[in-house]
Every structure is written in structure tokens, then in C-alpha cells.
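The following blocks contain the structures, represented as C-alpha cells.
One chain, subunit A, appears in both complexes that follow, with subunit B as partner in the first and subunit C in the second.
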Partner chain A sequence: MSNQSPKRIIPIKLERKTSLSADDQKAVHDSCARLKALPGALLPILHDVQSALGFVPKDAVVIIAHELNLSRAEIHGVISFYHYFRTEKPGRHVVQLCRAEACQSVGAVALEAYAKRTLGIDFHGTTADGAVTLEAVYCLGNCALGPSAMVDGRLQGRVSPERFDALIAAARQPS
Partner chain B sequence: MLSIVEQDFGTPRRATAKRVTLTIDGVEVQAPEGTSIMRAAAEAGVKIPKLCASEQLEAFGSCRLCLVQIEGMKGLPASCTTPVAQGMKVTTQNPQIADVRRGVMELYISDHPLDCLTCPANGHCELQDMAGVVGLREVRYGYEGENHLDAVKDESNPYFTFDPSKCIVCSRCVRACDERQGTFALTIQGRGFESTVAASQDEPFMDSECVSCGACVQACPTATLSEKTLIEKGQAEHSTITTCAYCGVGCSFRAEMKGEELVRMVPDMNGMANHGHSCVKGRFAIGYTTHPDRVLKPAIRAKISDPWREVSWDEAISYAASELKRIQAKYGRESIGGVTSSRCTNEEVYIVQKLIRAGFGNNNVDTCARVCHSPTGYGLKVTLGESAGTQNFDSVMKSDVIFVIGANPTDGHPVFASQMKQRLRQGAKLIVADPRTIDLVRSPHIEAAYHLKLRPGTNVALLNSIAHVIVSEALVKEDFVRERCEVPAFEKWRTFVAAPGNSPEAMESVTGVPAAEVRAAARLFATGGNGAIYYGLGVTEHAQGSTAVLGIANLAMATGNIGREGVGVNPMRGQNNVQGSCDMGSMPHEFPGYRHVSDTVVREMFETAWGAPLSKEPGLRIPNMFEAALAQEFMGVYINGEDLVQSDPNTQHVAAALMSMECVIVQDIFLNETAKFAHVLLPGSTFLEKDGTFTNAERRISRVRKVMQPKAGFADWEVTQKLANAMGYPMNYRDPSEIMDEIARTTPTFTGVSFDRIDELGSIQWPCNEAAPTGTPTMHIGEFVRGKGKFMVTEFVASAEKVNARYPLILTTGRILSQYNVGAQTRRTENNQWHSEDRLEIHPHDADERSIKEGDWVGIVSRAGETVLRARVTERVQPGVVYTTFHFPESGANVITTDNSDWATNCPEYKVTAVQATRVSQPGQWQKRFRAFSEVPENPVPAAEVFNAK
Partner chain C sequence: MSITKIFVSGDAAARGVGADETAAAIMALAETRGIGIQLVRNGSRGMLWLEPLIEVETAMGRVAYGPVASGEVASLFESGFITGGAHRLAHGLTAEIPFLKNQERLTFARVGLTDPQSLQDYLQHGGNRGLAAALKMQPADIIKCVTDSGLRGRGGAAFPAGIKWKTVLGASGAQKYIVCNADEGDSGTFSDRMLMEGDPFVLIEGMTIAGLATGATRGYIYLRCEYPDAHRALNAAIATAYSNHYLGADIQGSGRQFELEVRLGAGAYICGEETSLLESLEGKRGEIRFKPPLPAIEGLFGMPTVINNVITLASVPIILDRGAEFYRTFGMGRSRGTLPLQLAGNIKYGGLIEKAFGLTLRQVLYDFGGGALSGRPIRAVQVGGPLGAYMPESQFDTPLDYETFAALKAMLGHGGMVVFDDSVDMAAQARYAMEFCTIESCGKCTPCRIGSVRGVEVIDRLCAGESPAKQEVLLRDLCETMIHGSLCAMGGLTPYPVISALNHFPEDFTA
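Now for the complex of A and B:
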């Protein structure tokens, strides 16, 4: 005799209307299914969803809340707390500039001003053509080779304004 | 904004036995271990400034205003988050602390609109108070910097406004929603200077997860969250503690008044049933009390096809009395009777049944409890010896396994549900038995260990199979049973439930619940520690309602879960005073205190007390009254605040019965559905307009206090008294307290109850007498009221209401948070914004089969009648089961329910009706006839045509 008969609560299906495509819904469900057993599963799931979809859509929160048995408010609180999480679709390319101390000491402040000026956007913004989203990051662990940046997940060192232009130009090339 | 009189100690009380001694500002102070320095100081009369702390919430430590100095500790720790310790030396005021506090305050005020004089919280704003307390004299930062002063107000909720420009981000609202209400609808979004309060995903409150309980509004230290009535009317000048008139939780409220005008209802922190919490109904849905639909003038008419004629009180009363007397002369003494109301006070119920028994000279008195918890009265009396729940609400905080069957607390008893959810978040296990996936099964931070999703009408089969597991797996608490219960009855029961036919495996095909789950749930309940059973109308409103109540009591006794805190049998009583109305002798066979009318000793005592001969024959129950009316034997009825037509099953049958009577007297605050069949209309008074008491689901007697004059001139008890006198039976109570004194004199369980005693103690749980001078929170300690507990054999008998090819679905009914029962009150408030129509929940499979889509009109036909509702396609219900609420008369939910009823008490079987559902294009015949009948005041359509047409 034991009390360990498997728990069997079948959550009812979500009933809110969703703007997510079937593929995106599946991606969010997959992230939840894969990670929800982890302690503190919310952050890993949010990371996973953002890496799959490029952002955490509003309606993804509905699914995550349901899967983790949290309220939508709680998840919104977490997403909005971390600048890293985006709730809007980013540009086709994401450029992250390091703003930490080591990079600042070797020209990151000027690079940041240059980047904002030439792209015509602030941090968290996306260029009008939808090509580039600019984000801040606080240390990429590449301090010896600052100023550092990350372009579409690829680490770049010694980023001068010229190199920045080249990186942007390369990214904008149709592949 | 703070209530006008309450003192807040900053952090919750700690009930630990161990006390520690410390010094606060040089004074030696004692406090229970675990108490915060802030609370210990407040209890000793030392006020430490605070903004984010409230005794309703766990300490948070964010406002940095309550910093103190502690000898031997570095820095200035927050007094709210620092617990007291033995020998601690605390300084709450010195120049350094003052400097820091003033600095913090400067920062707050630098980003706050300085519009105190026009602010709704002016004078009762904690921010304003604290600015004064810390001696703020200047704001060195100026007011020109970045700020939130342009933040946009959210007015979406009909009852309160969210003005973020006044917000200090103390998180009290967020924490109240989490800790108190348990909905988690609010959050702090962003970080640093950008932190703001948001509902759900930064959306209007009405679109969010918010259930409008009002906890956030109450918690707000500023005017950020304010009641719209407060903004509109200004602050109250006095307040009176009274008891909510909605559900059986019986929350204590402070009615904040300006003269005779109600400004707002604020839950009372000292209320023993609600501890300062509330729901959207009691807190906000009060507009009905001053609704233009209120009936304010008595009216009479000879025939129900005649228009109403407004008359004086004297004329109405003398007409009613003369009609009743004429009918008795013509048809005999037994030809009239009355129905008491579970919405009225104990005192009113008492004198109505007294009028009937002593004035009418018969026992034809019944109550709306007939249609809800009459099986509870029967079942618990037979097994335990008393017709009432065994615990207080606080008992749930000591439960380890909570078994909820046929109850939907988050909708029906929301304030208690919040307390239950607190306990579940602390780790208690939950078993839910319900045909629907109710919110309690799974919602943020709570999840049932087992949801036994049974078919409607199979509670007894399920309870028997749970008992089978407990007996066959040797989980019975033998010691308890041998010592506390009748052993022969137990042995008989044991043999019965042990039969293979009652095993979960055998019952699986009946209940639809997998046997393994039943076994696991039964083991959890029997072995998981303190097990408490909570049940509602999903148990009682069945052909076997009484059997199921017996089964529940059996389970509690077999597992030893009775007679202490944390356990017990807990009926979730529906109406505010349904417990009380039953206690007061509303049933045709029982005098007050559940004593049978055939008991000569008791009857003679009442004959002496009431000065009239009393009948020893039980009178008619409500359904018998209808039958007798149709047989022309019961021709006059005094209906005190119950809407029989909307709330009783088989509407057309009820209507036919009322139409065959010669005098129907309706006493109500509105022209309800029943009033359409009445000959005399006596205006009722709301709970705000009279004195008296209500008794809630935990047997707690609380005061109802008059805060305004009755709008129609008289409180209900005064009207009943007038009718009694006109009938020739004298009643001369000057005040309801005299009625309670008479109740105390005549009823052993109420001997110690009086208005003065209630005022003294706050509230009293009966029995209250010499043996229990302060009342009885937990019953059956050491011994059952009946002596030994009695096990009862509970054979499962399937409902007569069978599904077949013609009626393949089972309809079951229930309630929703924002509306209350027949909706007479809540439909006349802004609560309609949450729920403006009853819908038919149907499973996607059943909907697909019938090409029914969300929002389609669906015709529902039963053996009794037909109606049309719009569909809600949802997996909340299981295939084969449909569900609806019954809050709107035009829905005609009870047009389709049948005459089937509980074998012991005639409680109607609302929860099981075989129906067919089909897609239709338009509202049904019922609605069309209903509208034609309802919308024209002169009723040009003969009632007979409306209610008799099939």
C-alpha cells in the first residue's frame, strides 16, 4: 500500500484566444514540457522561448502561466524586470553592445553613441527597416579585447566605429 | 485608504507560546517569539513609522521608513522584518534615525502629486501621515525631475480606480492579492525608477486576472486604489460594524456612513469569519439597496391579472389578514402557511414561524433551506446529533488533507476559499470530487492531488467506494470508533461498505472515476493527518442528498476526523442566514433548536411561552404546499423574502400551484418572479435597514446593525408583527433584542446568547449556554452531541433521472463569483459587467457532435420543460455533462429541472437533469413568453398562458 499513485490532474485546455501561430504555440509548449520540471523553471523557459522565437510574445505568457500554474501577472513581473527579455519581435539582427566597466575604459561609451547615431535608434530599439535591434549587455567576459559586442549571438572584440559599420553592413547583406 | 477607526500593528500576530523580553526605547516589553519589533513596539504603544507594512500582510521591508537602531547590530535594520530576540535593546527614535527617515520621505514626496486637499484620501492617507510624523519640511530635490505624475488612471473596474500617479510602489496591493486573496493578479513591473504596479500583463484591471475582491484597495496606503463611491461621496463621518447579507461565510463589515448614506463597505479586521477579507459581492455589490426597483409601497390586488393598487400599510396588512382568515374559515385551519427566508435575520425568522405555529395554528412553515441544505440538517442530526457544521473556518488552517466534494468555494464562498487556499499554499493536500473542473482543482499556486471527476448523481457511489478502501485496507481509526461511536451500527456499516459491490473497481462504471484514483485519494484522506471534509449543494441537491451527507459523516467518523481543530464535517451553507433560519424552527416538523413538534415536553413549553395551543403534527413542506395548492387544499401563503418561482425546480409546476391559491402574500425588497403571482405585496427591508443577527456556516451568530431607516417605513420583523396582530395573535416586541431574549429563554443551545453578549464577544458560535459561556468553535469534542456517533448504511441508488437516446446529456447547475443565487440583488449592480447572462457549458466533443460553437444559441429540453441558452464550449465539463448557472430569470434554468427530490427531505435534485441540447437560431419559447409577461407591468399576457404552455 502506498500513497504514491501517480498524480492525475488533467489541466483543462487553455480557452483564451491566442495570436500565436500553431508553430509558435508548439515551440512554447515544447519549452515548457522540456524545462518545467527544473526548480525555478520560469527563467530557463523564458530564455528558451526567447531563443526560439526571438522574443517572449504576450500570448506565450498565457501558455507558460498555465503550464507552470502561475498567474500571468507573476510572469509579466519577471519578464519586465529583466531587460534581456523582449516582448516585441526584434529586428532581423540583434546587436548587443557591452556597457560594463572594462569596455567603458577602452571606448565603449563613444561606440555606444556612434551606434545609436548611425542606426538612429536607442537601446531596445529596432531600425525602421526592421533590420537591426540594438541592446545593451553588461560584460561578455571578453574584457581583454574590449570594446566588445555580440552580433546575432557571435562575440566580437575590439569593436571600433569602423568595425561596427562593417559588422552592420555584413549583417545587412542578404544571405 | 485606511478605514476611519482601525489601528494597524504593522505585521501579523504570532501565536507562539514562547515569549521573549526586550527593551524598546528603554521600556521592557514582552512579545511572542517570531513577532516583529514593529508589532511588539505597537502593542506596547510605541508607533514606528511605516508605509509598506500592514498587519494583514507578511513583512516586506521595502519602504525603509521603519528603520530602528539595535544595540550590537550594524546599520539600521527594518523593524518590520526583524523579529524580537531575548535581551534585545531597540531604539526607535534618535537624530540619526530621524535623518534617514526624513531623507526617505523626501524621495517619496519628490515624485508625488501635491494635491492633498483635493485627494480622496485626504486626512486618512498614510503617506501624508508619515510626512507629518517624520517632520518633512522641504524636498531638496525639487519636483521638476523625472516623475510619474502623468501616469494614466485606470477606471475600468466599476468599483475602484487605479491612479498610478499617486503610487509609492510599496507592493501592499500586490501582496494583498497574493497572500490574502490568493489570485496573484498584480505585479510590480519593470525595475528601479521604472517600477510600477500592473494588473496581469499591464492591462486594464477589468481585462486582467483580478476578481475585484477589494483587498488591494483596502491595502493601499494612499489614494492610488480608491473606491469610486469614496471618490464621489467623500469620506464617511461614522461607521457601524455589521454582517454581510450575501453568502454563508457571514463576513463582518464596517459600513462607513455619511448620515444615512452608505459611502463604502470595508471588511472588518476583527471579523472572526473573514479577518478583514472580502469578495466582490459583499465589498462592492451594495447598489441594489438603493436601486430604483426597490418596492417601497405596499400593494394589493384581487386577481393576479389585475394591476397592482398601492395602498397604506394598514390597508395592506388588514387585507392580508382578512384574506388569510377568510381562507381558513372556508378551507380549514391547515389551508394556509408560510415560508421563512434565509436572507432575513434570526429574529425575523423566529417570529414568522411563531406566527404560523401559534397564530395560524398549524405547522405549515418551511424555508428555502428546503431546496439547499435540508439534507445537511437531517444527515448530521442522525449521525452526529446536531444539524450543523462541526468546525469554525479557522480550523482549516490546521488541516492536512482537505476533501472538497460538491462545493465550489472560490465562486460560492470566496472569502473562505481564500483562507483555504492559504492553507493549501502552506502545503495541505487537496482532494476535489466534482463533475466540473472548478478553479480550486488548479489555479496559480494550488493544485489538487486528486480530482475525482465523477458523473453527476453518483456522490453516494463514490463515497461508498472511498469507504470501501478505508475499511478493506484497514485504515479505520479503530480506537476512535470503539470509544466514540455505536459499535453495532459501525459493524453493520463496515460489512456493508466492505461488500465487493462497493469497491472502487465495481463502482468505476457508475462514477466514471478510475478505481486507482479513488483508492489513492482514500488512502491520502485516511492517512494524511488531519482530514477535513467540505461539501456544498453538489452533495445535497440530489435524490440521495441525505444519503451522501450520511456518507460524509461516516467517513469523518471512520477516520477519526471529528472533535478537534483541523478536521470535521463542514457544510458550506449557501445563504447568509440559512443556518440560522433552520436553527430558528423553520422546518415544518421542528421547533427552534431542532426539537420535533411531536415532543410533548417541548410543545407544552412553547404553548406556555407563546400563549397558544400548538399542533403536534408536522406541517407541509414547500413541495407539499404546491401539491396541496393544486388539490385546492392549501390556498393562502405568506412568503417572506424567497423567490419560489425562480429558485424552486420545475418553474411551470410552481407557477401553476401559486396560480391556484387565493392569497399569495409576498414580502420582498423587489418585485421578484414570485410577486408576479401575488395578491399582497409587502415591501421588505435590506440588512442595512434593520437590527438583528445572522448565523453563518460555522454557527457564528453575528450582529446585523441598522445604519439607515427602512426605505419603506418598517423593518421586516415589524411587518410580521403587524400581520400577527391583525390576525389576532398579539406580538409586541419593541426591539429585535427582545426576540433574541425569547429565543434564548426557549432554546437550550442559545441560552447564553443576547445582543449584549454578542456586542461583548464580537460574535458567538452556538451552542452557547452554561456549559459553553463563550460559544463552541469546535463541536463533538470528547463526545458527540447525540452521545455515540452513529454510522448509517448508505446504499447507492441511481437517480431516477436517467439519460437515454432522447435525453442523452446530464445537466447540472451551479453559481459564479460575481452573481448571487437568483440574482435579485447582484443583477441590480455593476457585477453584471463580469457576468451578464447564464451560459450552457458543453464539452467540445458534445458540441462538435451537435455543430454547436461558442456563443451559439442552444435549445435545452428536459422531461419538465425547455429553454434556450448560449453555449460556452469548454473542457471544464466532461463529455455527457452540461452545466449552467441560474442567476437570470430569463434563463429559465429551473424551467427544465424536475420534481425529483431527496428521499428524506424533499430537497430538489437540481444537480441532475437529463436533457438534450441542440443548436437553435433564436431565444426559446420560454424566453419569449417570459419577456411578454415581464416587461409590461399590467401583465396583458395571462400568466396561465406563460407558465402552462409547453
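Now for the complex of A and C:
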């Protein structure tokens, strides 16, 4: 290019308005501070934020982008690629139902229909009382004892409709 | 007072059917009754239909009871199970149960026998002997041993492990890496999970040996996030290995270094493809890479990288310990050693079966598996995960061997077998294969990304009876395009279950 003028640096300001509480902001900053020196730090940070907050809020992305010197678009691209990361607050309990072949062979399709009907939600939905979010999962490595589900990170095998009801009832119990 | 050793598996599958509750009931009742016990949470023996399985150590050996729900524990105490007493859930000596007795356990030698988190148990049961041997050998000799053993990648592609390692040894780079592919996403497979939970030290040992052989000083285990139990088991074992100098800057006083860390995936099936996995480890979207360059030349962060499946790496210690000749005496043809099979789905006796290559599908399904769980005839078996072919009864006499399966346009893959009885709708299974590809495609190449969507549509039209002859031609043509035009196995193999279902079960594809 001809007529080169000295590069003007446009200062980038962090958005001041955020929907995150002070505690949540601190949690995101802490995750970044602890993990950002790792090679390939983005996934560990996203995992850490999701396990602290239950999801990766849009405003957390702003902080992570700043800390890792990445664009928000890049981080959005990563979050949206992976099924596990979510950007909306889930219910108090997350129930993952396995949809894969081994579970299909022992009734997973019927269980899925039963779960959606009794909870009144589709996959990725949350019940009206905010208790349960239903997610699909493709194999939990429990293929000889299906149908399988995972409730709040705990594997459950041989999930009949009756057992599903019991698991949901237990999850809904105030702890 | 004598102390009786009692084993209740801590494996996720056992916990999923109540092993924790059973263990708690045993502890509580033993205390009430003033009986001294030591409860060990071992890995699973792999007889998953017997979980929760209780084993009691007696002078005769370990006696098995199962499946024992927590409500049954009191009756076990009544029957004197502490001394191996008779009970309707008793199965005699665990080691004599035919499902277990008829196996050849090399890689899984310790799984279910030991306390997975006890380094002492590990060492007492032959652990770290492979590492000790490797520490006295030159890198090229370690690689020669692995090559001579005939070990091929157990993740599915069956590439000779020694050749991959040799490439990395010969490549130059400031930092080399050992990456363990623990993204076991194929439905019907759980051997990686069972091994990582049931004997994590053997994976650490195998990876360390790979590091010594190739000059890599850093390793990552890329673990799927659907396996939280394995995550805890690996992290705890790695911490123990570090504090006992089996990992770190100076392994067992040799001056050799190997650092190891677990990284979690995030629910993307495609990240089991090696280049996609490397992208994910680098913190990016898990889109596959073009090959070449091979990961052995330019892998993680652009550096020479060994990337192997869990079972491949965990099979290395016994090869170094017992020698290449020992390992290669097992198996048939070019498939040497053993394969940990996973018998799953609608099957009476499902679980893990480690056997030398060469037994037939029928032996697995009926001699080990006892037929379908439902009691109905077995109609189809999907071997090798969601990208594997559906095999009909007429192919049940096929021996388990990589080349024999390939000749049938099927694949042995990671050794998972999903059984379906005669109530299965094979058109629905074919449709699901395409649907799964639409959900899990990384999107980089068109045949996979678009082809799978079109595949679902064509199967729907075919089954709705809209000019079916034309739709079938179209479906077969689409599958050809996906097989030859896709960048990786996701799009390239999705047609396998589709075409095999269409070829062997055409009657299901009608309106």
C-alpha cells in the first residue's frame, strides 16, 4: 500500500455491562487465571466454567476471549461445535439419555418417548419447574446393561420406565 | 478376629446397577454382626449381567455371588457367604465361571482382580515389569519388540503400532508427544472405560514405554467427558505414579522424563478420529485435518506425535514383559495377540471377553453370550460400532480377524458387538446410521455433511414406497460417493451399516 500512515491503534474496551454476578465473574476469571497457561487451554477453561456455573454464559465468553486473546467468534465456534457445552442455564438436574445402538436394542427408543412424554419436554428442554433438563447422549459405555442414562454425572443402567420415574423422583427430592 | 476380604466392583457399570448400595449394605451388616471384613472396590470382572457381583476371598479362592441387590445382602450373611456358603445367587469360584475361564486375558490380566488404585497391588500382579525391561533397552529395540509382536491399533484402524512409533522416533521435533485416544464413542464398546477404571496404571505404563521408545517426554490422555468415573480413576492413579516416580522428571532413577495429563473431550463423536482429536486437544473445533502430513510427522502442536488407542497402549507392557514371541503366538493370520471383545445390546450374558483373534462370531454370541436377552432369535449383529456393518445369521461363522471382516465389507473395529433380536427394524437402523452422521459430522467435507442429510431423506422415501427402485439406486450411489469422497472414516464408513442392512434385510425397506 502506498501512502502509509502510522498504524492507529483502536483501543478495545471490555464491555462493562454484564449479566454475570460478581461471584460468577470471579469464577470465570479464576478459571482463566488457573488454566490459561496450559497448551490448548480453551477446552479446559470451558469445562471449568461449565462445572462452576452449570453453563457457559455469553458474558463469560467475553472474559475468556479477552484472557486468551481470541475473538468471541472463535470461542463461540468452539462452544457450538461440542454437544456438551451449553450456553443456557440448565435445570437443577441434568438427565442424559443414551440414544445409541446398543441401548436401542433393548428399548431406548421407547424409553426416550416415555421420558419426553412424562417430563413434557424434548431434548435440550427443561421442565417448567426448573428441576430437570433432558439431553441426548451417544453412548455412555454401558452397552451390556442398557438402556443407560446419566443423572447429574452418575451412570445408571437397565433404566426401565419405572426406574426412570424413580430416578426423576429422587432427583426432585429436596436435598 | 480374622478379616475376610470382600470385593464389590467400583466400575461405573456396576455402580449403575447398584454396586455402591450393595457395598454399603455389606459394610453395615458386617459391623452389626461384628464380622471383620476388608471391602475392596475392584474393577469389573466383565461379567456384567452378574453385577453387582460380590466376591469373597476363601482358602479355595474367590467365591462369586451375583447379581446382588442391596436388599439381598442380609440373606447372604444368613447363608454364611463370608466362608463361601451356599446361596441361590452363588456361582462357585469366580475363576471357574465358564465365561471367564474360557478367556485369554493378557491386557485385562489384572482387571477385576486387584484394587485399581493400589500401586502395591499393581506391582504384586506383574505391573511395571514391562517398564523395567524398557528402561534397559535402546529405543529402536523397544520398537522392534512392539513391531515383532504384531500389535496393531486396537482403536479400529488396525495400523501396526511399531511402524507408527518408528516414524515418530525417526522424525525430528523440539517436543514429541504420546497421545492416548480415550474418546471411546462407538456404541457397543466399553473396554477402554473398563480398563481405565479397572487398571489405570497399565495405561500409564504403556504410555511411558511409548515415550521411552520414541523420545516423547509429554503425554496426554484425551478422555471423553461421558466417563467421569474413568476421569477420577486416571487422575488419582497419575498422582500416585508421580509421587512414586513412575512419572515425572526422573522415572525410577533412570534420568528419563515422562509427563502425563488427562484432557476431557466435550461430547463430539468425531473427536475419536485422530486428527480431529488433535485439533480438540489444541483447544479448537474438532474438525479433521487433511492427511498427509501424518500425525507421526506433524501431530499435536505441529510436533511428531504417537496417537494410539487405550487398549493398544495398555497391551504394550505385557509385550515388553513377556516378549514379542509370547504375544504373537495368540491370534490368526495378520491379526496377532488378543482382542478385548465387548458383547453388548440385546444379549443374555453381556460383558468383556478377551480372546485371541480367530474365534467366530457365533461362538461369541452363543457360547459366551447365551443368545438374546429377550429369548428371541438373534437377527443381526453390528460389529465395530456405529460405522460397522450389520451382519446377518449367514455371516455368524466368520472368524474374528481384521482381513476376513474387511473382505466382507465389514469391520472388526474396536471389538464392540451390538446384538439385535428379531424385533429389530433394519430400515430404522439404517436411517439412524445416517442420522447419527448428520449429528456428528464435523462438517468439513461435503459427502459427509450433506450426504448424510440426503441419506436420511432417501431412506425415508424408500421406506414410504415412493418409487422405491429409483430410491434404492440413489441410496447406493450416494453411499458410493460418501465412501470414496469423504475425508475420514465418519463419512467414509457410515454407508457400511446402511448398505449391509439393505443387502441383508431388504424386506425391511418396504412401505
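In this text, the second predicted complex is superposed on the first by the 159 of 175 C-alpha atoms of A that agree within 3 Å, B and C clash if a C-alpha of one lies under 4 Å from a C-alpha of the other, contacts with A are read in each partner's own complex, and residues count from 1 in each chain.
The rule we apply is simple: a contact is a pair of C-beta atoms (placed from the backbone, for glycine too) under 8 Å apart; a residue touches a chain by one contact, two chains touch by 3 or more.
Bear in mind the structure is a predicted one, so any value in this text is a computation, not a measurement.
Visitor: A:71 in the overlay: touching subunit B, subunit C, both, or neither? Say first, second, both or neither.
Guide: Only subunit B; A:71 stays clear of subunit C.
Visitor: Counting touched residues of subunit A, say whether subunit B or subunit C comes out ahead.
Guide: C
Visitor: Tell me which partner A:58 touches in the superposition: subunit B (first), subunit C (second), both or neither.
Guide: first
Visitor: Of the partners subunit B and subunit C, which touch A:170 in the superposed model: first, second, both, neither?
Guide: In the superposed model, A:170 contacts neither subunit B nor subunit C.
Visitor: By the touch definition at the top of the document, which applies to A:155: first (subunit B), second (subunit C), both, or neither?
Guide: Touch partner of A:155: subunit C, not subunit B.
Visitor: For A:81 in the superposed arrangement: first (subunit B), second (subunit C), both or neither?
Guide: A:81 contacts both subunit B and subunit C.
Visitor: One more residue to check, A:128. First (subunit B), second (subunit C), both or neither?
Guide: neither
Visitor: Please write out, lowest number first, the residues of subunit A touched by both subunit B and subunit C across the two complexes.
Guide: 77, 81
Visitor: Quick check: in the complex, which residue numbers of subunit B touch subunit A?
Guide: It comes out as residues 183-191, 198-202, 208-209, 437, 441-451, 473, 514, 516-517, 519-520, 523-524, 527-528, 874-876.
Visitor: What residues of subunit C sit close enough to touch subunit A in their complex?
Guide: 12-13, 15-17, 48-49, 51, 184-190, 192-193, 225-229, 263-269, 280-287, 301, 342-347, 350-351, 373, 382, 386, 416, 418-421, 424, 429, 432, 436, 439-440, 442
Visitor: Note which residues of subunit A are touching subunit B in the complex, please.
Guide: Listed in rising order, the residues of subunit A that touch subunit B are 1-3, 5, 7-13, 15, 58, 61, 65, 69-74, 76-77, 80-81.
Visitor: Applying the document's contact rule, which stretches of subunit A touch subunit C when the two form their complex?
Guide: Counting only subunit A, the residues touching subunit C are 39-44, 46-47, 77-78, 81-85, 96, 100-106, 137-146, 148, 150, 153-158.
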